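All chains are identified by letter, namely A, B, C and D, in their written order; residue positions are counted from 1 within each chain.
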Amino acid sequence: MSGTSAFLEGLKAGLGEFVPMWALWLGSALISVAIALGLISLIAMFSVWLERKVAGHIQCRYGPMYVGWHGWLQSIADGVKLLLKEDLIPRDADRVLFMLAPALVLAAIVGAMAAYPLAPGILFADIDLGLFFIIAMSSMTTIGVVMAGWASNSKWTIYGSMREAAQVVAYEIPLGVSLLVPVMVAGTLNLREASAAQADFFGMGWFMFKNPFMLPAFLLFLVAALAETKRAPFDLPEAESELVAGFMTEYSGIRWSFFFMEEYAAMFLMSAIGAVFFLGGFESPLTHLAGQLFGRDLVVVGAGPEFAFTAINWGALVYQLVAGGTLLVKSFLGIFLMMWLRWTLPRIRIDQVMTMGYKYLTPLALVCVLGAALWEAGWQALVRS
Amino acid sequence: MQQTETAQGYVKNIWDTVKTTLVGMKITWRYMLQKPITVQYPDERMPIPDRYRGIHYLEQEKCINCLACARACPIDCIEMEAVRHGKELEWISFTLDYQKCMFCELCVYPCPKDCIHMGTEYAFVTFDRSEFKHDLLSFKGMAREARIRMKEAEAKKAAKDAAKAAGGGKSAEKGGEG
Amino acid sequence: MDFRGIYDRLVAIHAPGLVKADEPRKADPKDKKDKGRAGDPFVLVEAQELARFLESCRDDDRLHFEQLIDLTATDPAKDAPDFWIGVQLLSLKFRHRLAVKALLPKSAPSLPSTVPVYRASQWHERECAEMFGITFVGHPDPRHVLLPDDWIGYPMRKDYEFPKEYHGISCE
Amino acid sequence: MANETRESAQGSSRIQATGPGEVTVDIRTPDLEINFGPQHPATHGVMRILMRADGELVTGAQPHLGYLHRCAEKIGENVEWLQYLPYTDRYDYLASMNNNLGYSLAVEALLGIEIPRRATLIRIICAELNRIGSHLVAFGTYGLDIGAFTPFLYTFREREWMMALFEKICGARLTYSYIRIGGVFNDAPPGWFEEVARFCDVFDEKWKEYCDLLLVNQIYVKRTANVGVISRDMALDFGLTGPMVRGSGIDWDLRRDMPYMCYGEIWRDGAFKIPVARGEMGALGDCWDRSWVRVMEMVESTKIVRWCLDHMVDGPVIGEIPKTLKVPAGEAYVGIENPRGELGHYVVSDGGKVSIRTRVRGPSFCNLAVLEDVLPGSLVGDAIAIIGSTDIVVGETDR
């Protein structure tokens, strides 16, 4: 049973007959969306600031310095500025699609956010197909991007969206296939369960160390994730030196910032997936320690039908925080890695992107899957014998 | 990543890509940990060398209104006006149009009195275009010293004339005039 | 090869249109009016034969001028009868240069294009055409290169009157 | 040639009837006409290229210039000889020292005057330092075109030092007007030569970094090798000069082959080499070769600077030049090796205070003409790489 529904069951039990179940569902859904949106905004703001700082320091300069300590409030200032900017829609643009595109992009990524586990016991939705759901939802953004490119009625944007479509189609395959390797080891697509499967060896039983094919699979995943999130060296849909700003050339103000939020949220989600399926997810020695000290379960589900939850283990909140924090740190390390790569590498050409996707990543990922499967089978046989 | 014929080339491609990427990341990592080289501009400023070619300044006392700088200027952005009282000058204007000026320092060299210089001021910002026509004069009219010198010179001249008149004894009226 | 050698070679191969060599000289002390001439030596050729002259310069194996460095025109004075067409040739093999000059009457400013000989002259000729009003017959792409397409007049001529306005923009 | 390429690019999409009962179907789609510029991040200024593209494939390109035309040649006919100097700064604004030098040498050729040796050496130091600075911009912005942002700022870091050096010697950072007819404006301030030597020492370390970070990076190599190949014959026919012609494997450098000032002496001392592309990463004459030539030229420039520092003499830095300069009648063409190629000044005097013709043969102008032939057949991403590799300065193409 998922955390939310357990919580809801508890609430229903608590509130009794006063509130109908559908209202509880709706209310919790709205709250979840609000939290997810807020989370995305926070992530985007922090990532933008981090990106500017990383870029600055890599390039021997400071980055933002004036708004707050080392410019940490810069993103908020920028956000306010973007909100106040004039909302421009080109005369010849398709107005409906033009306005719909950023909304769709943002909606898709908020939806994908639903499967992100904040902590082992605090989730928006404990989806069994979590990984599949995230990948499916985040590739929904492509539709928004293509829509934006088309609706802008500009040649540069149509180039950008054409490239995005081609690129995402090409890189969905290696992304999915390379993720098959840890999924095979974990035996689940659920993010929470996959993370829990790595709790052995004092929280260091990461999938990364459990199979020799995991490291190449991780590298392949990293490359595919970069391409999937349109990050350099695969930022061809934007390609600021070639296509001005690609699909968002005609966008400005808050609509443009939606694309930006999507980009950073997608980066975050991809990093989170990587963290969960390769780098132990919630698990680390610290998490292990916290779990040992305070217990793991937040909600101790009681036995009686009247009271679905009998008690909340407040001590476990520490564990939950540590676990959630661990995942957050790992995700941001992934984001940092992406930024580091972005500020190091030149951009690949579009045909090379295709070649790399189809001729290099996909076969290599398949080899990894095969190797990992054989290894697992051999390992199992060894254990059994 | 394109047109790979041989298996060897295929592997080499991957190897090269990974290797050069790591080399690049090493370099950027090293710089990330170093102290940035930029300065926070309005608060800190880079030192300005002595020869910096910024907004001009004029040593007005030395200037003799010879127009050498105005003639040397390729775009004729220097204009000056002064009234001459004997040896002394009464200044009316000495303007430099900074909309035109290209800070080439050609006006500085021909100056016989070495009185126009390029200063170190560079941020000259205004909301009004007319203010770019900058008056280099620190005072208008005549300097106090010049006035005194003029007075003295006049007095001297008068005295001389008087002496001449007294000595020559030719024209008492002339002496009286002075 | 120095200039004399090049000139002798040009004479020897009967380069089409070759008129004479013009070399810098000191002022004649006897003649008060003669100021002499400074600068570089050049060969004077007939303008209508310029393209063929350049071709022979390029193809001769002792001259071997592979590159056309510059092609330009000069309007020496308001009342001068001729434009000067100046061409700079360069031989990478023999490391020598040649300045070629042709007089083109202002009354009929037209000469065969040199683009078939050196493609380098393509843009130079376009520039000359728009700036001086010289027609290069047989130029493959005779559009303006620097000036707007609707520009009136030939700005580099000495008798050019500066326009007062351009599409409503005051030029004063 | 553009037309031929377009035909062949589209020929494949034409299904030809081969026998009776079949019909010829034309499935061609109209080409996309893209206005590349004048406001575009990769045009290095305000230049416009009208590109026709079939999807990502460029089938035709037509450069349109003139957005930065400032009548430099006409101004040359209206101001005095010395007064034209600041205008020379402004055509190739990344290599102002070299422009000053070219103009000064042309006028001096008419004047027939001797330049003090100290002035000559300072001129060479400045010209070579400016070559380093210019190539740093070329290499850095080329990286930017390819999509690497960071090397751009690294190169600008070194260029900043170079500009600070110039600021110390002449007071300006970009438009120097420092080398003037007869010598240089003023002598180097105390300690300047030592700082130049220090700059060279630091630069010797830094260029290796650029190579590691960008030049040999596999993505960079793949983006530039075999792209925009300019063959030997094409380079000669189009009158390309400088790194463009050396990038096509032609061993030609005016500093060595037609020495001016005391470059001949430096060459005979064996102080520097001429880097000529060998087609290491792909076909000879591709974009990678050109960028390699530029990086190597920077290294050679530091050697020339060192030579000059070692052979520095004392003495005056400017010859006897009257205040109002009258140049003897005649005409002279002087070409020097600018960072972008041969910068030629053709000056004609009638013996007066003002020239009757000041012709500037800008290398960028001539190098740009080759684009019309090179661009068709490449991808849109390659087009940016090719434009970047010609390293044009729009101020010079338009003058």
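We take it that contacts are C-beta pairs under 8 Å (C-beta built on N, C-alpha and C of every residue); 3 or more make two chains touch, one makes a residue touch a chain.
Quick caveat, the model's predicted, so the values are computed rather than measured.
Engineer: State the smallest step count from chain B to chain C, taking one step as a move to a touching chain.
Structural biologist: Minimum step count, chain B to chain C: 2.
Engineer: Expressed in steps between touching chains, what is the minimal separation of chain C and chain D?
Structural biologist: When the steps are counted carefully, the minimum from chain C to chain D is 1.
Engineer: Where's the contact count highest, between which chains?
Structural biologist: Ranked by C-beta contact count, first place goes to C-D.
Engineer: Could you work out which chain's C-alpha centre is the most distant one from the centre of chain C?
Structural biologist: Result for the farthest chain: A.
Engineer: So how far apart, in whole Å, are chain B and chain D when each is placed at the average of its C-alpha atoms?
Structural biologist: The mean C-alpha positions of chain B and chain D differ by 31 Å.
Engineer: Cα centroid separation between chain A and chain B, in whole Å?
Structural biologist: Averaging C-alpha atoms per chain gives centres 58 Å apart.
Engineer: What whole-Å value do you get for the distance between chain A and chain D if each is reduced to the mean of its CA atoms?
Structural biologist: Using C-alpha averages as centres, the distance is 46 Å.
Engineer: Go ahead and note the Å separation of the Cα centroids belonging to chain A and chain C.
Structural biologist: Using C-alpha averages as centres, the distance is 67 Å.
Engineer: Could you pull out the residues of chain D that touch at least 2 other chains?
Structural biologist: 150, 154, 157, 213-214, 217, 219, 222
Engineer: Which residues does chain B have that touch at least 2 chains other than itself?
Structural biologist: 1-2, 13, 21, 24, 27-28, 31, 37
Engineer: Where in chain C do residues touch at least two different other chains?
Structural biologist: none
Engineer: Judged by the touch rule stated earlier, which pairs of chains are there in contact?
Structural biologist: Chain pairs that touch: A-B, A-D, B-D, C-D.
Engineer: Note which residues of chain B are touching chain A in the complex, please.
Structural biologist: Result: residues 1-2, 4, 10, 13-14, 21, 24-25, 27-29, 31-34, 36-38, 40 of chain B touch chain A.
Engineer: In the complex of these two chains, what residues of chain D are touching chain B?
Structural biologist: My answer: residues 79-80, 82-87, 89, 150, 154, 157, 164, 167-172, 175, 177, 185-186, 189, 209, 212-214, 216-219, 222, 323.
Engineer: Going by the contact rule set out above, which residues of chain B touch chain D in the complex?
Structural biologist: Going through chain B, the ones touching chain D are 1-2, 13, 16-17, 19-21, 23-24, 27-28, 31, 37, 46, 49-53, 72-74, 102-106, 109-110, 118.
Engineer: Tell me, which parts of chain A touch chain D in their complex?
Structural biologist: Its residues touching chain D are 55, 58-61, 155-156, 159, 162, 232-233, 235-236, 239-244, 343-352.
Engineer: If we count contacts the way the header does, which residues on chain A are in touch with chain B in the complex?
Structural biologist: So the residues of chain A touching chain B come out as 54, 56-62, 65, 340-341, 343-345, 348, 351-352, 355-356, 359-360.
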